[in-house]
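You will see two complexes here that share subunit A, one where it goes with subunit B and one where it goes with subunit C.
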Partner chain A sequence: MEHTKLVSAAIISGALLTACTTVDEAPAQKTATATDVVSQYVSIAQANYGDSLNTAKTLDTAIKAFLDAPSEESLAAAKSAWIEARVPYQQTEAYRFGNAYVDDWEGKVNAWPLDEGLIDYVDASYGTESDENPYYAANIIANPKLSVGGVEVDASSITPALLSEQLQEIDEVESNVATGYHAIEFLLWGQDLNGTNQGAGARPATDFSLENCTNGNCDRRREYLQAASTLLISDLEDIVAAWAADGEATKQLLAKGDNGGLSTVLTGMGSLSYGELAGERIKLGLMLHDPEEEHDCFADNTHASHFNDALGIRNIYLGSYTKVSGEVVDGASLSDLVAAKDAELDQEMRNKLDVTMSAMQVMVDEANKGNTFDVLIGEGNAEGNKVIQDVVDALVDQTKTIEKIVVALNLEEIEVEGSDSLDNPSAVL
Partner chain B sequence: MITSKPITILGFGSLLVASLFYVSTFTSSEHTSKSDDYNHHLPAGSLSASNKGADTFLQPFKGIGLEEGLNYRVGQALFEKLWVFAPSSTQASDGLGPLYNARSCAQCHVKNGRAKLDFSENLVFNPVGLVIRLNNPEFGQDPFYGKQIQPFAYPNGQAEANLEIHYSTKMVPVASNTSVSLFEPRYTLLFPNNHSLHPSTQQSPRIAGALIGLGLIESIDDEDILKWADPNDTNNDGISGRPNYVPSRDTNSSELGRFGWKSGQATLAQQNANALHTDIGVGSKWFPSGYGDCTEQQTDCLAQAHGNTEQQDGYEASDKVIQSILYFTSMTSVPKRVHLDDKGIEGQQLFSDIGCADCHRPSYTLDSKIQALPVNETIWPYSDFLLHDMGEELADGFIEHQANGSEWRTPPLWGLAHQKQVNQQLRLLHDGRAGTVAEAILWHGGEARKSKTQFVNLSQSDQNHLIQFVESL
Partner chain C sequence: MTSLFMRHKSLLLGCLFFTSCSLANADWNSFNLDVVNTQIIPGYERLQSSASSLDKAREKFCRNKKDTQAYSSFKNSYAEFGVAWQAVQHIRFGPISYAKRDVSIQFWPDKKGYSGKRIHEFKTNTDIALSEQEFPTSRFSIGALNVLERILYSEEPIDNRSCELLALHTQNVLRISSELAVEWKESMRKQFEDPRQLDGFFEDEIDAATALLKGAAENLEVISALKLLRPMGSFAKKAKFQRLEAWRSGLSLPFITKNLDVSIAMIETLQQNITNAELSSATSILESAKNRLMSINPPLAKAIKSNEQYRELKDIAQDLVHAHSELENTLTKMGIHLGFNSRDGD
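Up next is the complex of A and B:
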């Protein structure tokens, strides 16, 4: 917060200087240093993960209200709380890359794809030739005892510990298959069986009703939903603590020094823009025309997920994050630092971030008309495919400028994930 | 596409010529230059990648554009994708099993390197990344368990077997007054359903290898490999070098094998598709069954759901998925070598003098294309990609096409310098039994016995120099 005040003061004094046309003092914005930029990056992490935690708590309250009195209305309220909770969380994703601490942690809350068939019933007619699919009943909610990957699991009581410890250990799967936002999403929405047509998952509220239970095992389904929600809160509490002034993530970042810190910031921006978002999450789905090769498939919220990822990248560059409450956490920015070296380059970066946000906005607008991400990437939907391709192109284009910034700031050791064009061929020798 | 070579930038053009000379004459052991040839440092020529810590083996060829890089990254995403059981909402992700060894390619090929084995207390249990392959001379595979043992199964299903590896230690002398301990594995399969292997079924333990430079290996002309073959040892040097001709699903004929521990696959495309099917249980065009390695006798397995969908061309993995994984595996580069000091250069000379380079052939010159990328490079894999009898101690008694029970393909040595930072361990040879280069050398027998004996007879410092050279590759 200190920086917020400092910068606001600088802006105010700058305005006064202009007003008085006094020219014999150094311009105030010159004062942004690498240390300030990294410090503001930490401030945004604190605010952004803090928002993620708070919205998860709001979600938990809505889930409790829904479980207390399951109805289509209370289910809709829980769903809407989930969508709200995704807004701040997705903006934090630019912190994942470059910060090993965050990358190691994030699988607990955002792992994908989800082993939904391990969690609950899935549509029996889907993808099978047999009417009697034995797998239909092989899930945790239906089975107090089952074997997973050949290992016996006692799931008689569904607790956060069962989900996070026992099931995570099984199979040596690096990311948890049974926890996080997407597990909750699956429990609230159910499977989206509409393929690349319009429509999301449509689980009935009675799946959680003790009186009028549909699809069986409602008591255990309720337990699972509550356990996953409780676990999400405790995992987010861990990451909020890690970004405190003396937290582990903060310490690891500051230990890298000024240049190392700036490299981390740019690695996060570049890696999320390019390999992760443009590549893995968008181009892959577009290439395969695969409705579910991306995040938030049950809720059909993928467009918002991507939009907020891109917004998170922009936040970090501009050193400014708008909290859920509307409060702005503003401070020394990478943009200031770049502008001091090369004002044109800073302008180019800002422009490209804006182009990306516009392309993302077109996608969001389509989604709001019912043409969600899974519809837009559908085979034969040339117009929809173009909307998504524009997003990919904008992200790749902004990556190019991020790379220029790396060079401009003399941060040559940086490696944007999936991009090799920065390397100096003789550097190792 | 190819950017100007660093060699020319640095004015080392004359060394390029020197290195070509080296290629053509090194068998006669007349090479005496002590210079640390710059070109040696670029195992994939101008396409070589740089050091990128734990991600060193996850880099495409140097100089490809951002668009190509994105295709590479998309393929990598598929390589790392965790497959899930059918049925699920994620139609492109389901198809796992029903029986499987791993849920993604990357679980075994950790960071695109080797499998990690946890050697605590000299016991390894159901390792991810080490499989037991099965062959039966009469049936072609085990009649009940198929081509491979899968230690993991669908929910509430029974795995085929649990694998225990016990290691006993034996001391082997090296140089004067010193010895090295080797870890000798013993493999035990515990079958939960009392259905044992067919009596004449052969087993072979295989560790997942590092997947670097595979596109370059595929680009080597058959003739170039075959000119080193000496199946009947007509030159009487004790070294044969036999090609393995293996069935190709692409051409429906026999092709020169060059991938896998016994050169059991001719093409990268088939190697990938076979691994997807056998290890993860994901079917595709050439291996269409959605039940992975289930046999007709495994009726419980065949009663499970499969993930064949219209969206995936009727398979679990569509041709687009296969092509994208192929792009990733064929476009992965090889990292630059570590700089050699004078002692390492001496080690390089010794490597050649005691005959290591007779099988670990240093280089090839390519004039080819990988995907759309023209490749005109000298590459340095240090392998002849041929089969050699490696002696009784390494023999698995497993016949794979023309490869007999004691023959193995010479594995390439490139990338060894970076192996530890990628996988935190070396785990060399076909089953990862060797934890160091010295251990790996001391396991050599058969055609390599003479070279191994010469190594043992070297002074300790000469041995260290040779190892230093190998660890610089």
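Up next is the complex of A and C:
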């Protein structure tokens, strides 16, 4: 069912966050079967994770160039590549919940929140200890050998294996995030010490200079950054392979059958919309007015990550994904399937997806003026708080319609196996 | 500002697909009012009275911090207020969801140590001066129970600055709990009495029942996943007591027991009001889980480190997962679709 059409790459790149066209008018109804819809969902996964891998490779090239010749310019280029890499990856997040394979894998690349003191030096305001995490301020870059709680860690050489096999979630603490996008983000930007005022992290390029090293241990910081980047690529290669026609994620999905597959699609959309995005990643930060509760907190790129999460949900519903190259992967959609059963319900879903994207766009527009997510959630910033609350409300509202679709497609009593959330579908549906 | 957890009106299309939706609306109405009148409103009244005692105990202690009896009574009042909160914390819609009242009473799990950081900030920056009116919207108003416990059970002596912060919190939770009790009696009860009223809170009787039952079901998920399994880790040696709720005061177990009580009570009320509700399986699993929990030697912080009790607690957590599943399946057959919940995701 997949077909592609070329869209001007210039248009997409020129309007990164406004590429989203309105969906408030339903197109002429296409005939779609559940099999077609699930098949298109796999096609989008292949394209979307493929883009994530490619942009991670571009990031790695930029990191290598930066490490070869550390300067503010080469650091800025690496940061820019990181921001570009987040665009396709965040759109894949709608695949996480419901797909056990993805959910198990995801922590390697996008675990959040993290206690950055595990990795490198931090400001005194970070503190030195945490109730939950004995490695809270372990500073692996400054300490080739660690002994915490009777456990010895030999970190004399910082390699991908050290990060993934020993440090990641060390001592079963989820916030010990040693790998993935956010570890790289911290190394490129450093801590954002501006609170809820404008401005992101401002790590100097000389933190990676062998000649003019600042803040010590530049050789080890360089090792860490390169190891994390190498690991990100290999982890993304794994997920791309998993979504191949004979890959494990594809096989697990298809083994659920048509209705099981549809249930997985909707579980991903609903769980990301509600508990994860509206709740954990947005509302919590707004209630606490706490800049540490923002997803891309070092780079102040949270607005874009949330926008792309929402776009990913919309992609899946409409069966359409615009690749980084501008190509559109288009095919049978859940929207078609719902419209065939209940055209009004489909229209309602489309309308609500539009409302969400509009609310997200307002947040992005504010960020482009310097009022990034951490500024908008600030205490006493009533206007900014409202911008964020509107995003939350839209996500909550679209979840209600996702729930209606679950019921309309009669998917509630499906037994799906494979992960906590799937073994107990009631936990997510 | 609308809260995330505010109950939105929704059409429950599921009724079209389940014959059990023929259950009389009167049955649902009777169930809803029973829960509101015998569990929720009395629960909020207890919260109010315990908040009042807590504020008084705080005042007495802070007047003379060397008074060991006042200190002890303050701790007891904290425990009573904590348990009273556990009896209503599963209600996540309506008045509790406005103006961050819920997180002002308790913010848990506090994965990034937010409460500790705010205490430190308040104590070290003496320029921070907040009036009773300014406090509720400030970043310091989060997690009264967390803050109270940290200060009350700290090894550091409680100084004047700590008492200032304690006063702001106890006054704030007294105000919140008083408002909750009044709002439920004067406004929310009417919503349940006539759930179909124009521009009302609910769509119909089933929508109102769904809001109630969602809390009872989610409660079980929270106990098993967050209150037990998360601190327990993969084996006893890896268990992290600091991840337990209220580990400093040793109240982890009484809190969980109270949570279980309210879920059981709501399910029993459902059985009493809805003929042929097939809930005996869920109820018996929950009763058994509660009895087994009561045989665990407190404090829970110690129990999760003991191999034998660790295994027992793991079994109990699994039983709660099973009970949650049984409950949700039964409710689906009865036309109640719980939908996504706030715990989905990480």
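We adopt the following convention: the second predicted complex is superposed on the first by the 362 of 429 C-alpha atoms of A that agree within 3 Å, B and C clash if a C-alpha of one lies under 4 Å from a C-alpha of the other, contacts with A are read in each partner's own complex, and residues count from 1 in each chain.
In this text, a residue touches a chain if its C-beta (ideal position, glycine included) is under 8 Å from a C-beta of that chain, and two chains touch if they have at least 3 such contacts.
On a predicted model such as this, the values are computed, not experimentally measured, just so you know.
Applying the stated contact rule after C-alpha superposition, one finds that A:C297 touches subunit B and leaves subunit C untouched. Of the two partner chains placed by superposition, only subunit B is touched by A:V122; subunit C is not. By the touch criterion stated above, A:P113 is placed in contact with subunit B and with subunit C alike. Residue contacts after overlaying the shared chain place A:D192 against subunit B, while subunit C stays out of touching range.
Of the two partner chains placed by the overlay, subunit B and subunit C both lie in contact with A:K283.
Once the two complexes are overlaid on the shared chain, A:G257 sits clear of subunit B and of subunit C alike. Legend: residue contacts after superposition of the two complexes on their common chain; A:Q389 is shown touching subunit C, with no touch to subunit B. After overlaying the two complexes on the shared chain, residue contacts for A:N410 are found with subunit C alone; subunit B is out of touch. In the superposition on chain A, A:G275 makes contact with both subunit B and subunit C.
Residue overlap on subunit A between the subunit B contacts of one complex and the subunit C contacts of the other covers 113, 115, 127, 130, 171-175, 274-275, 278-280, 283, 287-290, 292-293, 392, 396, 399-400, 421, 424, 426-429. Subunit A contributes residues 97, 113, 115, 127, 130-132, 171-175, 270-280, 283, 287-290, 292-293, 379-380, 385-386, 389, 392-393, 396-397, 399-400, 402-404, 406-408, 410, 412-413, 421, 424, 426-429 to its touches with subunit C in the complex. Of all residues in subunit C, only 1-2, 4, 8, 10-14, 17, 100, 103, 107, 111-114, 116-117, 120, 137-139, 142, 217, 221, 233-234, 238, 240, 242-243, 321, 324-325, 328-329, 332, 337-346 touch subunit A in the complex they form. Within the complex formed with subunit A, the residues of subunit B that make contact are 6, 9-10, 38, 41, 46, 48-52, 55, 59-60, 62-67, 69-70, 72-74, 76-78, 81-82, 84-94, 103, 107, 128, 151-159, 162, 303-309, 311, 318, 320-321, 324, 336, 339. Those residues of subunit A whose C-beta lies close enough to touch subunit B in the complex are 113-118, 122-124, 126-128, 130, 133-135, 138-139, 143, 146-150, 171-175, 177, 186, 191-193, 195, 201, 274-275, 278-280, 283-284, 287-293, 297-298, 392, 396, 399-400, 415, 417-421, 423-429.
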